[in-house]
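The same subunit A turns up in both complexes below, where it pairs with subunit B and then with subunit C.
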Partner chain A sequence: MTAVDLAQNTLDGLMVGASYALLAVGFTLIFGVMRRLNLAYGPTIMAGVYLGTAAFISLGAPTLVVLVVVIIGAALVGLYVERLCFRPFGEGARAASMVASFALWMQLEEAATHLLPQHMNPFPPLLATQPLEIGPLLLRADHLVMLAATLLIAGAVTYLLARTKLGLAIRAVIDQPRAAAIVGIHVERVMMLTFVLASAIGGVAGFLIAATDGQVTHMIGMWATTKGLVAMMLGGLGSVKGAIAGGLLLGILEAHAQWFLGPQVRDMVAWGLLFVLLAFWPGGLMGAKALDRTMAVGRRV
Partner chain B sequence: MLEIDDLTVRFDGIEALRRLTLVVPPGARIGVIGPNGSGKTTLFNAISGLVAIAGGTIRLNGRAISHLAPHQIAASGVARTFQSVRLFQRLSVVDNVLPAVGTTRDARQAALAALDAVGLAARRDTLAGDLSFYDQRRLEIARAIAQRPRLLLADEPTAGLSQSECDHVIELIGNAFGAETAILLIEHKIAAVEALCPRSMLLSEGRLIVDAATSDMRRDPRLANVYFGTQLPL
Partner chain C sequence: MDFYLGLLQIMGVHTLLGLSAYVVLLTGQVSLAQAGFMAIGAYVAAMLTVLSGWPLIAALIAGALVAGFMACLVGFPALRVHGLMLVVATLAFTEIVRLFFFNFDYQIARGSIRVGPLGGEGFRQIRYFPENGWTTLHVAIFIWSVVALVMAALWWMDRSRAGAVLRAVGEDEIAAQSCGINLTAVKVSAMTAGGAIAGLAGGIYAHYTTHIEQTNFTIMVATFAIAYPILGGLSSIFGTVAAVVFIQGFLIEGLRFLGDWRNLLFGALIVLVMNIRPSGLLDARTMATLRRLFGRREG
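Presenting the complex of A and B:
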């Protein structure tokens, strides 16, 4: 393996990792305010992508319109998941929320296969240009767009959390939901808005992933859940910066694993990494404090 | 201003509050005392909407609030502090107060004024979790001040503090809220209640046992009976 191979793999991993990072940001926002795992997060994204695909196939919608349909579709389906799986159950009924989100996962997959019965469906490509050459390295333009979109959205989410009234309310709810309610914050509305925001971000991720592949299957739902989950755990529960770092790191690790060990073990490496993390480093890269607090909350409940 | 009528709260069949009736006029300062498990914090939780009530009504300025969500009750003028301090530990001192200010145009100024009232304005950018316990207590009071409440529910605000800190916190609560703000103060330290509240209520096993002038409470045999577990002369 040469230094060029190493650099090319790292670059490829970084680009793919950008999509993982976006998925992890959505996951971590939902986990932060709900303190519960949403297994239907990936299928929510899949539902948005399928709605966009249907608009593309049936109506010949242009790429930009498909993007809007995917984002709005994912946001609305996210709202549906929140209403059915999270709103009815309190924080003390975490298992009920998780199982309910699993049930909706199955429901959304079935609905998707009814909407588009073919296993593989075409998706409008983002950019159809030749790869850029940077010295000996090759860089896909659509991957570059994905990385730029990830950084842009991460910046926007960071600004929202740090500088806006909604962001302050989100941070307050993440930190201490009971005290947030006592000072007049409508906790349920903040949770709902966060859920919708995270689902819309997931929609952007789903669009970028499908557009760079040029095709889509309903497996994108499970894929998004697993990749987003591992990236979130790697970076740390409840940390946006951690989610970005975790996503990028996962992409890089997978790229090198694929190079050294072959494509068939790439996902096994990701899952193995998750087990190692849970066993030895449960707080992730940046979320140790968040996890401690969550466990403390769990003890109180 | 606050009218509680026949209030009952149950947890898994146990009656934490039993048909409690209480009237708190505007500006009243009332101590709420009683041993652990007597229903003091449950009373506060019921007023602030944190537990569901099984029976009775709670009215604030003539409006029923028993069915409202906690944020709606807060918006109607009820502020609360907790026995175990509940701050936003990973937020700065000023960010802890800002959500309580509401949607006023000069929200930051109002938040800083509340911090100034408790002596924490200079530490506005410190993380709440990095404050000393005493400062955390004061920050929780600042948050309540920023809400400009008509009713303050102070749940053991001196718990865990030294005597001088305790005296200062009671003085702070006494001076920082307007004369029209009613205060219910849960305390185990009778001296603290005496310093702030001319009137006191003694709870036992979810019932209101004594509602009297605080100056008479020390001499009331039912106080000792409740705390030392002897038969109550009801």
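Presenting the complex of A and C:
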């Protein structure tokens, strides 16, 4: 164990964490406006990625076209999930939305295996260059792109929320949906737009993850849901900054846990940390110390 | 015939699983920890019969007690959080348990083979039923006797003061608290009872499948557990049974002739039912109608 290993692990973790952070940003937006858990978030991303890889395999679409297909696919599937699982139920029926989104999860996985029956599918790589060498450390160029994209999107979302009229409407709906409706905000449309936007962000994350791996399986759906959820929760609910911090932290933590304890203990460390954090420090990293974090969401977004 | 008996066994275990989530849901808590408790009950009961040679009933009770004890331990910290936070905390618990058994080896030699849990390979050779000459029919009868026992206990509990207290906490925590109800005690008790029932379900599951592994106890199972009572409605334990029959009997087995397209329809039908009946198949009004039909007066 040398300082170089430590630095390399931290660096690798940071890069992987960038994808977690992006997943968490989308998740946190959905949770902010809906206050309900969307189990179909990862499968939505998977559906988009599968559409993209299908375009790549059968039509030979170039990388940029694949990106567009993935984003549009994820956004449309997100709309479908919102229509079936969230629009029909009020905020009182949280568990009903969750169960419905779980049912759609199974449906989307089945649809994906119908589209591409083989387990592993090729995905167009982002950049096929050699890793950069910075002193003794190695850095993959596509990881750098991922980190840059994450920071860019986080910045854009922050700008949208803080500076635009739609952002104002979103914050109003998050804060107090009924009051927002009274002042003339079309609450359902804002919810729908946020949901679609979040799904599209998830699509970008899914594209970057699949492109750095160069392949994709249908496991990416469940993977994206759990990683996004843990990263969102670590950072504290409903905060874009928190989602980024939580994602990067989760990545770094996992990299070190894998190095010191092995790959099988890695996930256990992440879940264990999450449990302890939720039980004893429920505000999250960026959160207030309020017990009921849903109340704190509005103040932070 | 064996096919239908097998289906009955699956339904029995899933009914127990659904009932374990039902108890916790009555207090308004959505717990995804049931799969974790089920795993604990499954491994404990199977290790006791296979490795220590315990009789089945004692092993099942021990598995349920250990799972209930774990539920009690988890209940205290987890129930400090509400809503989505509780969902995620309990999901974390289920994943921790699953990953624990993924890394858990404890094998002893028995004759020419080694038995016991072996990490990712799972726990094979849980052969209590075949070794003791139980037929599929015996097993099905046994499972449904346990289910009937648990249902009778829950039905009685539902009609006693304990049921009223649980529902009061589920309806409005602040109102319940101002009536002098100790919220923590009620929630932890419900969690413990739910954990014990899930552990019982796990023990039975381990013995009739004869082979368990960590992939049997994922978030998928945890979501199924809460899907049954939510789809069935929280007005009565019979809603959970109706939902198990609907999902396991109709959606999974009844639609098998559709082949690969089954899961597409499966999702759509659950969403459809949730849309038509957001408070469950057997909601309060249906239950009232049923009571009228069967001639019992409303109290």
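Operating definition for what follows: the second predicted complex is superposed on the first by the 289 of 301 C-alpha atoms of A that agree within 3 Å, B and C clash if a C-alpha of one lies under 4 Å from a C-alpha of the other, contacts with A are read in each partner's own complex, and residues count from 1 in each chain.
As a working rule, contacts are C-beta pairs under 8 Å (C-beta built on N, C-alpha and C of every residue); 3 or more make two chains touch, one makes a residue touch a chain.
None of these values were measured; they are calculated from a predicted model.
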item	value
Room on subunit A for both subunit B and subunit C (clash or fit)	fit
Contact breadth on subunit A, by residue count: subunit C or subunit B	C
First (subunit B), second (subunit C), both or neither touched by A:I185	first
First, second, both or neither for A:F280, with subunit B first and subunit C second	second
Subunit B versus subunit C as contact partner of A:R163, first or second or both or neither	neither
Touched partner set for A:Q176, first subunit B, second subunit C, both or neither	first
Least Cα gap, in Å, left between subunit B and subunit C after the two complexes are fitted on chain A	11
Overlap of subunit C and subunit B interfaces on subunit A (superposed complexes)	293
Parts of subunit A lying in touch with subunit C, wherever the complex brings them together	31, 35-37, 39, 84-85, 88-89, 93-96, 98-100, 102-111, 114, 222, 226, 229-230, 233, 237, 264-265, 267-268, 271-272, 274-275, 278-280, 282, 291-294
For the subunit A and subunit B complex, residues of the former touching the latter	165, 168-169, 171-172, 175-176, 178-188, 289, 293
Residue ranges of subunit B in contact with subunit A within the complex	48-50, 69-71, 74-75, 79-80, 82, 86-91, 95, 98-100, 102-103, 143, 147
Footprint of subunit A on subunit C - complex, ascending	25, 30, 77-78, 80-85, 87-89, 91-93, 95-96, 99-100, 102-103, 219, 223, 226-227, 230-231, 260-261, 263-264, 266-268, 270-271, 274-275, 278-279
